[in-house]
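By written order: A, B, C and D. Residues from 1 in each chain.
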Amino acid sequence: MELIRIDTQKAYEQLRDRIVRLQLAPGALIDEQQLSAELDLSPTAVREAIKLLAHDGLVQVTPRHGLYVAPVSLEDLAQLSEMRAPLEALCARLAAQRATADELAVLAALRQEHHGIAASDSGRLFELDHRFHQAIAGAAHNKYLAQTLETFFGLSQRLWYLALPEIASLPAAVEKHLDMMAAIQAGDADRAERLMRTHVQSFYDEVKEILAKKLG
Amino acid sequence: MELIRIDTQKAYEQLRDRIVRLQLAPGALIDEQQLSAELDLSPTAVREAIKLLAHDGLVQVTPRHGLYVAPVSLEDLAQLSEMRAPLEALCARLAAQRATADELAVLAALRQEHHGIAASDSGRLFELDHRFHQAIAGAAHNKYLAQTLETFFGLSQRLWYLALPEIASLPAAVEKHLDMMAAIQAGDADRAERLMRTHVQSFYDEVKEILAKKLG
Amino acid sequence: MTTPLSPTPPLVLGIDTGGTFTDAMLLNYHTREVLAAHKSLTTKRDLSIGIEEVIDGIQITDPAAIKMVSISTTLATNAIAEGKGKRVGLLLIGYDAELVESFKMNERFATPHYYYFEGGHDLYGQEKAPLDLAGILATVNSLRGQVDALAVSSYFSPLNPEHELRVFEAVSSICDLPIVLGHQLSTKLGSIERATTAALNASLLAILQDFVVAVRRAMAHRHIDAPLMVVRGDGTLMSDEFAAQTPVETIHSGPAASAIGGRFLSGIDDALVLDVGGTTTDLALIQDGQVNVTEAGATVSGYKTAVKAADLLSIALGGDSAITLGRDRRLSLGPERVTPLAYLAHQYPPVEQRLTQLASRTWDHESAPHLQYWYILHQPQASRPLSPQQKNLLRFLADGPKSVPDILKHMGVLHPAQIVVNELFRQEILAKAGLTPTDLLHAEGRFTPWSTAAAEAALTILGRCLWQEPAKIREVVWRQANETIVRAVVAFVSGISLPPPVIKDKSFGTWVFDNSLYHRHPHLDTQFHLQIPIIGIGAPAEVFLAEVARVLHTELILPEHHEVANAVGAVAGSIMVTEEILVYPQLSAEGLDVIAYYVQTNEGREIYEVAGDALNYARSLAEERVLGAALRSGADNPQVTVEVLPNGLDSYRVGAKAMGNPRLEKR
Amino acid sequence: MTTPLSPTPPLVLGIDTGGTFTDAMLLNYHTREVLAAHKSLTTKRDLSIGIEEVIDGIQITDPAAIKMVSISTTLATNAIAEGKGKRVGLLLIGYDAELVESFKMNERFATPHYYYFEGGHDLYGQEKAPLDLAGILATVNSLRGQVDALAVSSYFSPLNPEHELRVFEAVSSICDLPIVLGHQLSTKLGSIERATTAALNASLLAILQDFVVAVRRAMAHRHIDAPLMVVRGDGTLMSDEFAAQTPVETIHSGPAASAIGGRFLSGIDDALVLDVGGTTTDLALIQDGQVNVTEAGATVSGYKTAVKAADLLSIALGGDSAITLGRDRRLSLGPERVTPLAYLAHQYPPVEQRLTQLASRTWDHESAPHLQYWYILHQPQASRPLSPQQKNLLRFLADGPKSVPDILKHMGVLHPAQIVVNELFRQEILAKAGLTPTDLLHAEGRFTPWSTAAAEAALTILGRCLWQEPAKIREVVWRQANETIVRAVVAFVSGISLPPPVIKDKSFGTWVFDNSLYHRHPHLDTQFHLQIPIIGIGAPAEVFLAEVARVLHTELILPEHHEVANAVGAVAGSIMVTEEILVYPQLSAEGLDVIAYYVQTNEGREIYEVAGDALNYARSLAEERVLGAALRSGADNPQVTVEVLPNGLDSYRVGAKAMGNPRLEKR
């Protein structure tokens, strides 16, 4: 984010948030002029922000047409899960093999934080889940892996927000992290990999079921 | 590439090429003013192109400092191979399961093309290798997988150019594609996956050996 | 405490790259006042050189005040006319080869590399035959190195582009060539025009892309950082991105801009605009303030396309048209464009000496071929492979222009066709010079920037060959120019094709035309009365058009700045985006009942049970898409109109159009 | 054919957001002519409002001609002084807690939330103790919601930042708070200053980021799309990106810009610049045309930092300083800044009525507290939680300002401290008004934009409380202002701290000072002779400084546009980037021999066997890095200088500096 002007950064964050939280609906036409007025940021900033969002896959440009909020589909969900499940599993395996003492301390701190969060606080649980995956990605010591997973996490977010009101298993899913952490701490790569694969897959399965009903 | 001005596109291609072909050396300082003069393209175009290259990981911005051509390291190579081997393998597996008749026809056409290339023509072999991987990525029917692999391919290119003069096995590596294609055509997912993993891994191993000598 | 600055209003820079001249002008966008204008020679080998020169001539003191640059160009039209487009492989899917060939429709494809394959759909969008993808890929593999781009047109692809899309996917997996798909350029159903349009578009892609980069580069040199627009063939503007994707839409861009500029400068809403350039003269009609547009699809160099463009006629006649002596010893004017001898002699004094020397040889009645010169325009790149003959010729021309007879002698051949140098002319390594109307103007003292002596000498030489006085030669040439233009005007405005100007034609049409021009009949006079004025555009407009207007009994209007009206027109247009969506029925298996309706866009297909729903969806989709595209193209508050046109039984074309003035803020 | 345009030269817009006024001016960058200038009130709750107003006042007719906007701001300084920075958790690694506390150095940390942990390195960059990461993470977890940012400083981190980097990695994995690392802000080795600087930087991050966005927004509203620069504390410029990362560097940005502006406008290379604002008066020295810079690190609000900034002294005295009556019935001036009563009464006529009414009560000698008003500056957001007491107060003030005695009565308390409303003042929901020098100017008829009647009434009231004529009150206040400024000048220029102005101090220093001001001694006169002129900056400069200059026997220079010299200074600076690299020895295991040399940058460490190689590498690396950073910051052809300073035994600091004028093209 270093080459980016500060107001572009602001526009990017605000637009990204609107898209992820579905305030800008999937498939909606993007009117730069209007957004610039709404956000009260310069047209340049908004335009630059949209470029970044397009790079993230959250905005689409059709060849001869305008800019749209990328639509969501079950197909996307399936493809994301197909990628994330093996990569997160690989990540957990590598983390079990490579995590440094510092990284284990981070995982322990996250676990500690988990104890302080109410099961009903889905916002914080959601955030914690993200941190947990990031921490494991860091412990895997492969920057490409970490970047890739971060990108996919971003793309998944919107689907999750779509499903969120009906997700029942969030606390349970986050609970899984505790087992995984134990495996990583113990250096049990096989177990870490297996747990992670199940964790990611079962979460996607649930989201998929909810969205299948919603999106028809 | 849709939101990008045409002269930016030009600058991007030219700069990317210079970086990949090592004409802009790894670690070199990037002087936008100078590049703008050299390429005879507007400062805006060059600046935008550099942003894209930074996104590709080919240009680095240090926190309080200037822009540099990203350095290369054996560590990068190792991390890339760690990501690419399982992903390409997954890709081959999915392709074996999902390739349509059209996609098999493309693979057959690439095979046909291969027959027309001399073993000494490393430039074309290199290009063909890229196409082959792209075709399999397409046949896997997962856009995220395809995008990810394409990004990694781009990052690997520079390392390969560094090693290229000494790579002996390029024709053999490309030859491997023929076996892989047979496996994909036959729908033998296990075999396709295994062959791909070996193909990618052994190529990386060779490049690694060469670069280990070069980079010390 | 405040000292206000003098206000700098938003300025726009209009540029027109014509066949001979590149014009530029700077306009105050709000007051519509032309602040500065300039003309340079067009440098075909690299248009950016002429563009840089013309921008330099404008003396822009505050590049930041320029909020838009807009450019019209005959680049596409010229590239097609001169066969300088890139080489295209045209893949025809589901076309009936026999039918096409038997009606010689293949001659309309605008490329010699066309190939037929199984596949395509029927008029209900159902697959006619399976796609022969393997065959296509094999062909593409075999074309490696022989073509620079590919065009794909599948039968009934606007109804169902599936085969084109599949070909795109597969072919782009095996090669890097740019690929143009027919259905993306036209939703109309004429399969031949679609193929032609796709092929032409493919042949122009790289050319227009280079052009846009060159203009951007010229802008960068002058520190102009503003949106760049390109004039479409109908006079509206599109962003440079769009233009680079759909170069065919720039066909007729130059003439359309002239027409718009002429209207703008004259303030006249109904007129015939005649733009006299160095290479061509272009005709367009202005009605109710709008350029007439042809719905049928523009024709360029005999290729009928599916491109909506200004309805115009371009004739190969201009200030630099070659005046040559045919085998029948008749003078002809055009269609070739050459460098005027007055200019060549001005650049190379030995040419002037040689011509005056020749003119003094009163006994020599055969020296007309000596008026044709070849010369080196710019040195070929060192890397360029040259034949021994080409090297020999270039060495011979190294010290200056040589006349064609001298060249033939040196090369030891009898006819220029024996020297294989077309490619060198094409690449503007070599150029030709000869006698032109521009030379006549020199001789007449009406326009004399270059060597008058050379022009006079050349006329003397040519007159001697014809046993005529130079004045008579001039008269003949001007009469011919006048006749050619009047003929074009009459044909264009009437919409009736005139009989060709063949000698000894005895048709009534020929007679009437001749008589109306020359009033030869002692008893029966005929006259043309054009009921609208002629707006003359271009530097030589007055010379060429005064007599035309007289013959047509109308007024010739030469508005201020008419020399650069095309550049004015480049910025006077609105940004426009159009979109068409097809709605057509899905038939039951037996093909007897309509069971649903498809809504087909470039990118996908939706299905609706009821026609009304399908049309409503198509309407709103079309509206949204044009709006999005217009916003992205920089239109300010674009206005959208949607119309539904019947397109055969139970089928509809839903067309949307968004138009708006350019948004002149920094993007 | 060309009509040249009148040239529009590159313009630059300078803005200064001071404590009271926001100034702007438009400069022709090449001719250095001030084209327009304007002043607005600073809106502390949202600086962009004042910035927009001041830009509006400038009447920019051609925003595109503006090639750079540069801004200086007292934002950082004020936020620190007023404790309005974000709450920071400071993590101290390897610090000797006992030692720190025993010397009360913890008071210098600029945050009450500081925590000690095991870890850190020694002066050879070797790990002193293992890092207690688990402890740090537990602390960070426990700080959730209590701090807004984190700062980390590890012992000897400039030599080896490993522990800071590890903390950064780990902590950023468990929370989103911005984290500032000490070694990235300072390569100097003072561990306390480094911690202070890191903590201050962390507390300012969000503030400066919001500010930059607000300025960009104000620019966008005026269609100004140009690079934005921020003035550093030493008067040089940095890009807005840099500023948002290292807000501490903007400490003293405002005064530095004033000094540079004063020099620029006066053309005088050696002078004392005195900038009299509404809230403070700032002193800076100009020597050889440069602002004096303190190498030791700037001190702000008593916090000593490692930030290189203009050497200056800022005293809490300005046009809007509160004139209050102490318990000892002495008048004091400042340090608090309040809204002048003349202005308040102008805005709220009932205040004027009330004051004139009070002034007419000749029997009332206790009404001085009635000169202090509270009022609502802007309504709190609906979402803001308010205490019942706060709600009560806001309801009471809803219909206009109320005097403090009225408020106490309504709230049923005896002292303002019993009303818990500091947060409301902090957020500028409430504001205070009172008697100020600005009111005196109204009463004297020297500056009368607002209610003179209110000012006169207030003076009458205050005079009656002191049994004095109003004229006498004014005299006392002015004398006190003069004395305060002269005291500051003498201390600042001499570098000697003067004895505090305590009553009944019998020291010689106090005597000399008093005598030099008031020449009280009948036989022994003392005088100050300042050998350089005083350049007065700011609107009230003449009023405040005429007597100061007289007392100091020097000339007071008030250059044209001196009211906005700070805004001028904002654009007059060069872009500068610095970089320091440390070179220090690696010791053998026994610690007796130097076996190699480390080259330590912010990002990494290299090792060399020979000191010379290490220094050469450090030199070229430093040079390359500053060059890169300067180019990125928009410097045109930056000039680089490198110097090597010894830094203790076998250790060196390699400093590089790149400076260049801003590149005024569009980036």
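Throughout what follows, a contact is a pair of C-beta atoms (placed from the backbone, for glycine too) under 8 Å apart; a residue touches a chain by one contact, two chains touch by 3 or more.
Here the structure is a predicted model, which means the values were calculated and not measured.
Using the mean of the Cα atoms as each chain's centre, the chain most removed from subunit A is C.
Two chain pairs are in question, A-D and A-C; the one with more C-beta pairs in contact is A-D. As a whole-number value, the distance joining the C-alpha centres of subunit A and subunit D reads 41 Å.
Between subunit C and subunit D the centroid-to-centroid distance comes to 64 Å (mean Cα coordinates, whole Å). Chain centres here are Cα means. That of subunit B falls 52 Å from that of subunit D. The set of subunit B residues that touch two or more partner chains comprises 2, 43-44, 61, 63, 67. Shown for subunit D are the residues in touch with two or more other chains, namely 225, 665-666. Residue ranges of subunit B in contact with subunit C, taken from their complex: 2, 5-7, 10, 36, 40-45, 101-103, 105-106, 108-110, 112-113, 116, 131, 134-135, 138. Contact residues on subunit D toward subunit C in their complex (touch as defined above): 1-8, 11, 26, 35-39, 57-62, 64-65, 67, 223, 225, 563, 665-666.
Contact residues of subunit D toward subunit B in the complex are 184, 242, 245-246, 577, 579, 602-603, 624-625, 627-632, 663, 665-667. Across the complex, subunit A meets subunit B through its residues 2-4, 50-51, 54-55, 61, 63, 67, 79-80, 82-83, 86-87, 90, 94, 141-145, 148, 152, 155. Here subunit D touches subunit A in the complex through residues 131, 133-134, 137-138, 140-141, 166, 169-170, 173-174, 209, 212-213, 216-217, 219-221, 225, 240-241, 244, going by the rule given at the top.
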